[in-house]
Structures are given as structure tokens and as C-alpha cells.
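Here the chain labels run A, B, C, D, E and F in written order, and each chain numbers its own residues starting at 1.
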Amino acid sequence: MAEIHIIAPVITQGMRNLDDIAHLARPDLAFSLSVLDRGPASIESEYDEALSVPAIIARAVEAERNGADAVIIDCMGDPGVNPSREMIRIPVLGPAECSMHLAATMGQTFSVVTVLDSVVPMLNNLARAYGVKDKLASVLAVDMPVLEIEQRLEEARQRLAETSRLAVERDGADVIILGCTGFFGCADAIAAHLAAAGHDVPVIDPIPATVCMADAMVRAGLRHSKKTYAYPRAKTLIGYEMLHSTG
Amino acid sequence: MAEIHIIAPVITQGMRNLDDIAHLARPDLAFSLSVLDRGPASIESEYDEALSVPAIIARAVEAERNGADAVIIDCMGDPGVNPSREMIRIPVLGPAECSMHLAATMGQTFSVVTVLDSVVPMLNNLARAYGVKDKLASVLAVDMPVLEIEQRLEEARQRLAETSRLAVERDGADVIILGCTGFFGCADAIAAHLAAAGHDVPVIDPIPATVCMADAMVRAGLRHSKKTYAYPRAKTLIGYEMLHSTG
Amino acid sequence: MAEIHIIAPVITQGMRNLDDIAHLARPDLAFSLSVLDRGPASIESEYDEALSVPAIIARAVEAERNGADAVIIDCMGDPGVNPSREMIRIPVLGPAECSMHLAATMGQTFSVVTVLDSVVPMLNNLARAYGVKDKLASVLAVDMPVLEIEQRLEEARQRLAETSRLAVERDGADVIILGCTGFFGCADAIAAHLAAAGHDVPVIDPIPATVCMADAMVRAGLRHSKKTYAYPRAKTLIGYEMLHSTG
Amino acid sequence: MAEIHIIAPVITQGMRNLDDIAHLARPDLAFSLSVLDRGPASIESEYDEALSVPAIIARAVEAERNGADAVIIDCMGDPGVNPSREMIRIPVLGPAECSMHLAATMGQTFSVVTVLDSVVPMLNNLARAYGVKDKLASVLAVDMPVLEIEQRLEEARQRLAETSRLAVERDGADVIILGCTGFFGCADAIAAHLAAAGHDVPVIDPIPATVCMADAMVRAGLRHSKKTYAYPRAKTLIGYEMLHSTG
Amino acid sequence: MAEIHIIAPVITQGMRNLDDIAHLARPDLAFSLSVLDRGPASIESEYDEALSVPAIIARAVEAERNGADAVIIDCMGDPGVNPSREMIRIPVLGPAECSMHLAATMGQTFSVVTVLDSVVPMLNNLARAYGVKDKLASVLAVDMPVLEIEQRLEEARQRLAETSRLAVERDGADVIILGCTGFFGCADAIAAHLAAAGHDVPVIDPIPATVCMADAMVRAGLRHSKKTYAYPRAKTLIGYEMLHSTG
Amino acid sequence: MAEIHIIAPVITQGMRNLDDIAHLARPDLAFSLSVLDRGPASIESEYDEALSVPAIIARAVEAERNGADAVIIDCMGDPGVNPSREMIRIPVLGPAECSMHLAATMGQTFSVVTVLDSVVPMLNNLARAYGVKDKLASVLAVDMPVLEIEQRLEEARQRLAETSRLAVERDGADVIILGCTGFFGCADAIAAHLAAAGHDVPVIDPIPATVCMADAMVRAGLRHSKKTYAYPRAKTLIGYEMLHSTG
């Protein structure tokens, strides 16, 4: 039995529930979940990310200590992925890195459709950092804050569908990635909308995709390189003592 | 229950057995296997690949028709992956593409350690085609033909270990990919050799990694883009009638 | 007297005639031509390519044996170029590789105007593989199957002209490449159309360009590298015995 | 009179003193300095960076409020540069970004010589993110922790000189960047060592270089783009209330 | 007291006056200026550049001999920058290289808005040569010759503003660079126009930016690499004797 | 009968003679040659190039006026290629651009072996500008000035052979380009040396290769794009009146 631990990198309860991914459980695969005790209500900037990272690392360290086999950080900005990889040895996956590399294997180009214009540069920069910028057709936004998605879900789906179609028809995208993990569950509706317009294009819902990839890494015995992500050296630390003890 | 079908893209019986990956089976995951009725005894050139592809496509088409959920082509040259993706709708995975993108997420750089100098340019070109050349530290060869690996397994392991160490120490590799699916089962010994030399570096065994990735794609409901890999138009065909009937 | 051998990589008689390039003959340069005995009627997918390659290689081997000085494979997908280079020592040229590198020397950017949307990803991927993607402004299609070009030649010319103008005006192309060797003979009309719209832009007709480049390589004593394209090792082969005997 | 504010992104007093850069003061240019009240003693990993960022942002916000004209974050990992740019409007400079782009204008290639092997991947990734990886000859380490540099200064200088020479002679570096702001003041000795070996190669000391660049941006009226670094949206925040009030 | 010498690389008196940059003078910073005695009236092609370069080099050599601390060549084609760097040891800055690298640090993407369509390919090629093409959103032209800017200044400002807005809204530019040093003084008006349209985007006026960067390089003790820009070997020279004597 | 005009871009008589390429003449192909009346004795720096360019342009303009069908500038720095393309309409070829693109089609990687360390950065930068840097294995120098090659020809051949072997064995080159047109005639000896060491690697002698390519462009009716290389606008010019009259 393997356990994948999902960190909702916000202080908002209920943005992610284990029910969301219950259908991905298997006889030999279970999930656990944690949220942050300090940090922002949602993540829509590098500032929000910065304030989420210390608590994300703490959750990742606890997850490994509690026997988890892999950790997923549930945000398309991939906050805290690299420092968590330094602190622990089990795989740590970010949905942006995971979705973008998957998309790169699924078609000639891909677009990301996200929440706000303000996160478009962040996603472009992630594509650069991950080395897949050459296959990125565009990053587009539907102009809806993360915390409003749930209440305006039907509108979100509609805007995602229209914007995805623009990505396909104008920008030449062959694969669509939902650019916020808050769009969970919208992929099928978007794919149907695209199919109705004559585009047989897959749509990646990042959290299910990343959960399955984490499971794959665990089964294949893979983890990140400790040559890239070396354990940090122990040193004096003020304000994060709880973390320090795990170094 | 999902079924992943593995195509051994050669006419040589026994180069791949289902026993090899039996430990990757799960309560809801099974494997099937086919070999070619025409093609080469092993694949060590683009010529060998070219002669394997028509029969690979036929096997892929049959696999989909027989209910498989994904197809893997068991060779690090990824022969026939793209045309098979055109002919069917279930995911078709190549171990080179899969391993290279996985490696790109696991560390800052990776090297591929393969069989013969003659395949080094092919693997470099695959890294270019897949867009991961920037993270490729080197492609090195152990100078051993595919068909001799099994008989000279201990020597193969030894050479792989030494060559991998060279990739890490001289070329700066942070992740190692075994560059031939015939090196199946050697990853642990190489990782141990590297660890003994002070290098905590993961080693990707391509077939287990690709099997787990295929399982992940099936579970996540992902497939390749039909905008990139459109169904071929029906047309007159001489010499491959069996294939044509499936178009 | 040098001889350039052209392989029409299809089973369709008459898609290429030596008359087409008779004006390129010189006192010391002659041409020969072959078609396939097995393979597809036309090439519009990687599947079509795959089924053309074994017979292409056979024709290339025969051409070298018969004293040809260079081989050209007459399709913008460049099918079989690399495996043929492995099997023989005389230069083997593909019109896509040749035209794209020529275009890269002729202007700051280029576009390719091809037959069908389904081949757009293939041409984008070839540009990646050849390392010229950075100068590729766009790949556009006129939505006409290869086998209809000849009957609808005037319409093809018109669509090519309009689409080329779009490539120049919207996508910033400074050079146009005809993206199917079936568009043979259309370059002048398109260049005239562009000139009338105020664009002094060269249009590359791939077959004449590749023929002249092959002649250049022969005269300059150049050939492909046997370090990149090593002779394949002899091995057991089923279904392609005729080829095997030449290994 | 312009004021450049330097944030020493650690809790260690005295790692940076205004005396260090007093010679860079001008009749119309003054400096101020702050250190962190919480965070790590030194920065040698992405984990250390993560724990320094919240307090860095707070210092940057205060600096703008106090009338500073630009902010420099005194660490070659450029921690907190992007989120600080989001929160304030005056230029925020990171010495790695600044030194790498300067080096790119000063020669055909450059190498970075840093403290520990564990930061080599971080610096390679920064070069990727900044788009200058193509000109990066190598990142090398002298194997000395940040907090030991001051006590072992002579040894540090010696190792830097020898390692820089290796970068020039083996890796082809035309410019050297000191890869840790703790190497402050070592550039002249290294340049002299290189000159004695026949290499007329400039050595960039990152803090003086970044101070002068910040001064240049202020004088030229330049700042970062608010389209790339939009002000974060106000939202509920736990554990960083002091920061929230400045949003 | 440092002195920055500006070379107006044309024979036209008054295209640049020291008054233009008088506001950038500082208690410890002065400017000097020279124009060419032979060359073109303005620079709008590589041909114009070629004819300006011999006299530019002569001015640069004189400037160093006369005690200047840095040289700026006042044209966005950066003519003569590299050969001048070879002949002298003080920094030689080109406004295109300088502005493009600055822009790369100021936002995720940038566009250049220049005079004529005919210089668009030159600026694209400079971005390639400088390694920042990946961040270049577009190069656009306002269709006005250099020598008409001064007389049609209001119209120039208007066209620049509209074209910059197109760059931001259609091409995704996060930073704007004025693509001709003849647009001196227009940046504020353009930034105001963009701000009125809701775009908080910085506009780089290349000459002030380059002057401040040159000052920064002087203060930081930086210069170009003599490994990249070696002193030319003395040799026979016809037609440029004055230059030869300085070799 | 086509005529290819070769410009020896130096004032040194006899560095290039038509005899050198007499064996490339054909029943329908003739050559002509010019040298410069002003400029440097040889080209080994960007400074040397700058002083050769005005007279190169004059020779190119005359060549077109005299009925030449293409122009070649006989130097691996490709001096004056772009401004000459602006001034005339017939193809203008540079041996570096031509050889590098040819090499890119001939193997997976190539190295350039040139005269002096001081030209190594120039050739690296040309590879960047031409977009083929990704396939460039290395640029190496044999440490011999251009004007000494002829007198020390045997030594030059020996050093070229050894350095080429280093490029193949250490740097992974699959194709060798002679990096100075003064190495004319050495290719066969180097290829033989490499073959004796077991490397079946082609060696490009740039002038024969470029002559044959120019012939190919003429026969194929190709020329450079006037959208990239627009005719310069007429304008006042001092010191180059002879050129101006042709504008």
C-alpha cells in the first residue's frame, strides 16, 4: 500500500478534499491531505507563494516522517517544490512541472489556461525553467480569482472552454493544460466543447495527472536526484525552529 | 482492470518476458506482450528501426482492437511511436521520450548510457526532438551489442556502472538513464556503485518507468493529441494490406 | 558526368517525371528516377512515411550500386533519409532539411506552406530536429490532399499565393518554402503574387533546390558523416531479405 | 541624493557592512543596510532561501516606505527578488541576475565560481531562468561554506584563483563571476592571478557590480514592469500579518 | 571625475547634443561627444553601418587616448561596438545590447519599437546574437526615417505610443524599448499613453539607459573581456593608415 | 554560362587565385576574382573585418553590374555579406554561413578548426547568429597566423589534422569545418589522418563548398530575401562617394 500525501498550500479549509481524488484510489494506493497553518488564503502571485513555502516544507517533512511515499503540492505555481525536495527523500511533485512535461509528450504544442493575467508571466517563467518553453503555444487567463471559482463554477467552465478554443484556433495549441488546480473537474467539459468545435485535443486536469504520476514514480522506484537537491546543511535559524529540528 | 500492452519491436523471442515486469502488476493492472513477425533481430540503427516499424504499427493496432488501454514500444529508439499514435487512440509510449522527460523533472541534468557508439547520435537527436537537449549532460556507450547483453550481463553491469560514474563525475550528470531496454534490471547495481562513490543519483530503468507512466496516463484519462497525431487518410497501399484495412 | 537519383517515395506512377527537372540537367549532370514497388499512394502522415521507408532504402541501395552520385527522396517529410544514409555512402538529401537550411541562409525568417493541417505538426517537428525552429515564422496549410494537386493545379496555386501572403504579412515570413514536393512548378506564380502585393520575397521550390544542392555536394566532394550514420551491423532479418543482403 | 538599500538576507550580523561599499558612495548616492530578524544564518540551499524570503519582503517594503530608491538583495541565489518586485515599485536587483546579464555583455562566455557543490544546480537553474544559459561556460565550486569564508579568506582567494583558471583554460570562460556575495573583495586578486597566467579576463564582484547597476537604473528612471510583477491582491493571511498590512 | 564619451556615428551635426544628457551629469561624471568625419548621414541599414564603422573605431581610439573612461556608440544597430572593443581597453557600450539585457531583467518579455520595416530584421538578429531572442515579444516599426523624426516629433511620439500599445496588447510585451536613439526624450509620453490604457509598463530610452550603464561599469571597475575582444595583430593596411598607427 | 565572382577581402595579391578553383569550373560555369584596393592584409579580428567591408561592398556592386550571377566573400568571418546583400540582388554567400549550414545537414555535430585563439569567439558568435550553435561541438585553433599558412603549409596540415582529431575524440565532432579559407586544399589530408585513426568523418573545405553552393543557388533561381536585406535608402555620404552612386 502506497500513500501519496497532498499539501493544499493555503490556509483555506476545503479547497481540496480527499473526495476529489477518491476515484483515483486503488487497492494498493491511498491518499492523505494537509493544509497550512500559516500562509495565504490562495496563491495568485510570487508573494503569495513566498508566504506559503515555509509551512509547505514543514508539511512535506512531516509527510515523509509519517510514512508517505510521495508528496504533491497542490498549486500550479509549484511553490516549495524544490526546497521540499532538498529536505526529504521521497518524490515531491509539482503539478505545473508534471503537467507541462506530460503535455510535451502528448502533442506538438500546448497552452495553459489560467485564472488571472497576473499569473501569466509566472507560468511562462515556469515553462522556461522546466525547459519546455519551445512547445508552449500560449498562456491565457479567464480573469477570475481563485477564491471565486467554486461559487462561479459554471461561468468558469464556460470561460475555460472559450479560452481553450482560442488557444487551439489562434495560438495553435495541440494540448490544453488547466492552469490552476482550482479548476479541478473541468477538463471533460472543456474537451467536449473543443470536440464540438472539431478539435480532438486532450485537456490535462493537473491534480489527477500529478497524482497518477506520483503513483508511477513510487511504483517505478524513482525519486529526485540528491545531487541536484542536496540535504541542506544544519545552521542557526530564527523563526522557523520547528523546521530546523528536521534538517 | 487496465491492460498495458508491450511490443518487443524485434523478431527475437524472449528478449522481453512478462515475468520481467510481473512485480509491477497490480490488482487492477495487467500486462500483455507481443513480438514482431517481421523485422530485425535487434535495434541498433535507424535502419533497424525502419524495418521494425511496419510490424510495430500492426501490433499496436491489434492491441487497441483487443482492448488494451495503452501500448509501450520496448526500445530506446522509440521506433514507430508516432505512426502508431496516428493509427490508434489509446496512449502509445516510447521509453526514451518517457525516461528523458521524467529525468528532466528529477534533476538538473541527466546522461544516457547506451550500448554502442553508433546509437549515440540517435539518442542525441531524440533529446533534440523531445526538447530536453538543454538538460542532457552526455550520451555515453559501453561498447556492447544488444544481443550480447544477456550472455555478458555481469560485464554489462560493470561497464554501465563505470560509465555512469564518468557521466556523473566528468559530465555533471545528476540523473542516469539506461540507454537500452536490454539493460533491464541493472539500475540498482549501478545506483549502488554510484552511491559507493559518494553520488546519490537516481538511475532510470526505462521499461519499468515507462510501464508505470503508461499506467498513470490510463488512470488520469490522458492520451496523445489527435491534432498532432491525426488519423491517416485512407489510400491505396501496396505490400501492407493488412495494415491498410485498419486505417 | 554526375548522376543524381531521385526516389519518388510512393507507388503512384507519374507523380514525378524526369521531364520536371530536365531544365536542371547540365553537360556534366544527369538524372535518374525510381518509384516504389510497395508503400503508400501518397505521403500525408508519419504512418504513410513508415510504410514507404523500407522500399526507399532498397531504392537508395540500388542507386548507389548502379553508380549514382547522390540520392534525393522526393517528399517534404524526408522519409527514409537517415536510414538510407546509414546504408550507403553517397549523399542522401531530403528536401525539407535542404530547403529549411537554405531558407535560413536566405532571410531572417521563413514559413512553410503545405497541403493539409495534419502535416503541420510533422513539419514543425522537422524544423525542431534540424535546429532551425528559431527562424520558422509559421507552417500553414492550404487544405488540399497531395493526390488532388495535379487536377486542381490552378486552385492550388491560388491558395498557395494567398496563404503565402498571410505568412508574410501576419507571421513575418521573409522567405517562403513550398511545403510539399507536389507543388512543383508553383514558385514563380507565388513570388509574382507576393511581389504584386509589395513583398520581394523568394519562394523555394523544394525539388529544384534539392537537386541543385545535391549537385553541389557531389562537386564539392561532400557526403554525410559515417560517425553520425554508421553502417548498420549485419543481423538476422525477417521480411526484408532483399535489403539484408546489402548490409 | 539617491539611496540604495541593501538587504543582507540572513540573521548573521556583520556579513555585510556599509564600509564594504563606502568607496562606491558618491556626492549624490548613499547606502543603507538591513539584516533579517528571522531566517537562516547563511544561504546555501533553496531551503535556506525559502526561510529568508518572508523577512526579505518585509525589509524591501520598509525600504520603499522609508524613501529608498532601489533595493538589492545581497545573495547570489537572488532570494525574494521576484515577490519583492511585486510588493514595491522601486527597482529590486538580484546580484546573480545582474552579474549574469552584465557578463553576457562583457564576453562571449562566462563561468561562475561559487562556494559548494550543492549550489551548483541552483546557479545553473538561475542561468536558465534568466535566459543566459547559452553563454554559461560552467559553474564550479571551491568547496567552502559561506560562514567560513571570512576566517579562511586567504585560502578562499587561492581556491577561487585556481578554480577560475580552470574555468578559463578548460571550460573556455571569457569572464568570471564570483558566485557568492561573501567573496566580496576577492576579484582583484583573482584577476591578477589570471593575468599572470596570460588571461586578460574580467572578474565580476557581484555586490559592487549590482550596486552600480542599481544606481544606473535609478538615474535612468528605470524600474521593473508591473505587468510582469503585478501588486498582489489583498487576501487573508495567517502568520505574516505585518506583511499583509503593506499589501 | 569620470568621463563618458559618446560617438554619434553619423556625419550629421546636431543629431546628438551634450545638452540632451546634461541632466545625467553628476558631480563626478562628465560627458564628451564626437561625430564622424566620414560615413553616412543616418543609419538605417547594415550598409549604412558598414560605412560608419571605420570612423567610429577612430573616434573610440581617440577617446581612450584622451582619457575617456567609457565609450558609447549612439545608434541602436550597435555599429562598431565589437571592433572598438578590440582596439581599446575601456568599456564600449552599444545601446541595443545594453537596453535588451536591461529589459530582460525588468520583465518577462519586451518589444522594440523602431523607425522603418527595413531595420526590423537587423534588430531581430541583434536579439539573437545577444542571446535574448527568447524574451523578445516583437519588433515593430512606425514607418518614419531617422532624419525626419526631429521635424515630425509630435507625430513620432503619437505613432510610438500607438505601436507600443499594440506591442503590449497583441504581442504580450511587458517592457518597451525605443528602437532608435533618435527617439530620445519620447519615453515618458509613451509610458503615459500606456498607463492611460491600463498598462503599467516601463519604456527604455536607450541613450540615457546606456549612459547610466556605462557609468555603472566604470564605477564597478568592469570592462569587456580581452579574451573575447583581443587586440588586433599589427599588419599592413591600405586606406586606414590613421587607424593602423594605433593598433 | 553562369559566373561566380569571388572577392578576396584583403589587399594581399595572390592569397586566392582562380587556379585554386579551376577544377570546379564546368561547361556552363565560370569564375572571376577581385581583391581589395583598400583594407587589411589579412583578416583575424572584427577590426580587420570592419576595415575590409567598404571595399568589399564596392566589389560586390561592381560584380553585379558586370553580370556576375553570385558573389562569394572569401573569408570565414563572412565580412560584408549582409551589407552586400542589401546593395545587390544576386546571391551573396559567406563561407562560414554556408559551411555551418551544410555541416548541420551532414552530421549530428561539427567542429571548426581555425587559425588563432583570437578568432574563436568570432566563430562561436557566427554560429549563434546563424542558429546552429546547438550542433557546434567546439571551435579550436592551431595557433598560426593567416599570412604564415602558405609558407608553413606542411606544419599547418599537421596541426589541423591533430586538432581535428581532438575535436572528434574529445569534443564529439562528427563533421570538421576548416575555419579559415587560407587552409584551402588541406581537407583531404585531414580526412585521411582521421580515417587512419578510425574516424570516417567528412572535412569541409569552405571555398569549394561555397562555390558549389553558389552555383546551386544560381541554378535553382534562389537569392536572398529583399524583405530581410532591403535596398538602403539614398542619403548623404562622406568618404565613400563611389559607393553612394550605386545606392
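Assume a residue touches a chain if its C-beta (ideal position, glycine included) is under 8 Å from a C-beta of that chain, and two chains touch if they have at least 3 such contacts.
Keep in mind it's a predicted model, so treat the numbers as computed, not measured.
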Touching chain B and also chain C, the following chains: A, F
Interchain contact steps from chain C to chain E (minimum; 1 if touching): 1
Topological distance between chain A and chain F, in contact steps: 2
Distance-maximising chain from chain D - centres being C-alpha averages: C
Chain at maximum distance from chain A, centres defined as averaged CA atoms: F
Rounded Å distance between chain B and chain D, as computed from the means of their C-alpha atoms: 43
Rounded Å distance, chain A centre to chain D centre (Cα mean): 29
Rounded Å distance between chain C and chain D, as computed from the means of their C-alpha atoms: 51
Contacts with two or more other chains, residues of chain C listed in rising order: 107-109, 121, 125, 128, 131, 134, 174, 227-229
Chain-chain contacts as defined at top: A-B, A-C, A-D, A-E, B-C, B-D, B-F, C-E, C-F, D-E, D-F, E-F
Chain A - residues contacting chain D, complex: 11-12, 36-42, 44-51, 53-55, 57, 80, 82-83, 86-87, 117-118, 121, 125, 128-129, 131, 145, 147, 227-230, 232-233, 235-240, 243, 247
Footprint of chain A on chain E - complex, ascending: 107-109, 134, 174
Residue ranges of chain C touching chain A (in the complex, touch as defined): 121, 124-125, 128, 133
Touch list for chain C against partner chain F, complex: 24, 26-28, 93, 97-98, 101-102, 104-109, 130-132, 134-135, 168, 174-175, 187, 199-202, 204-205, 208-209, 211-213, 215-217, 219-229
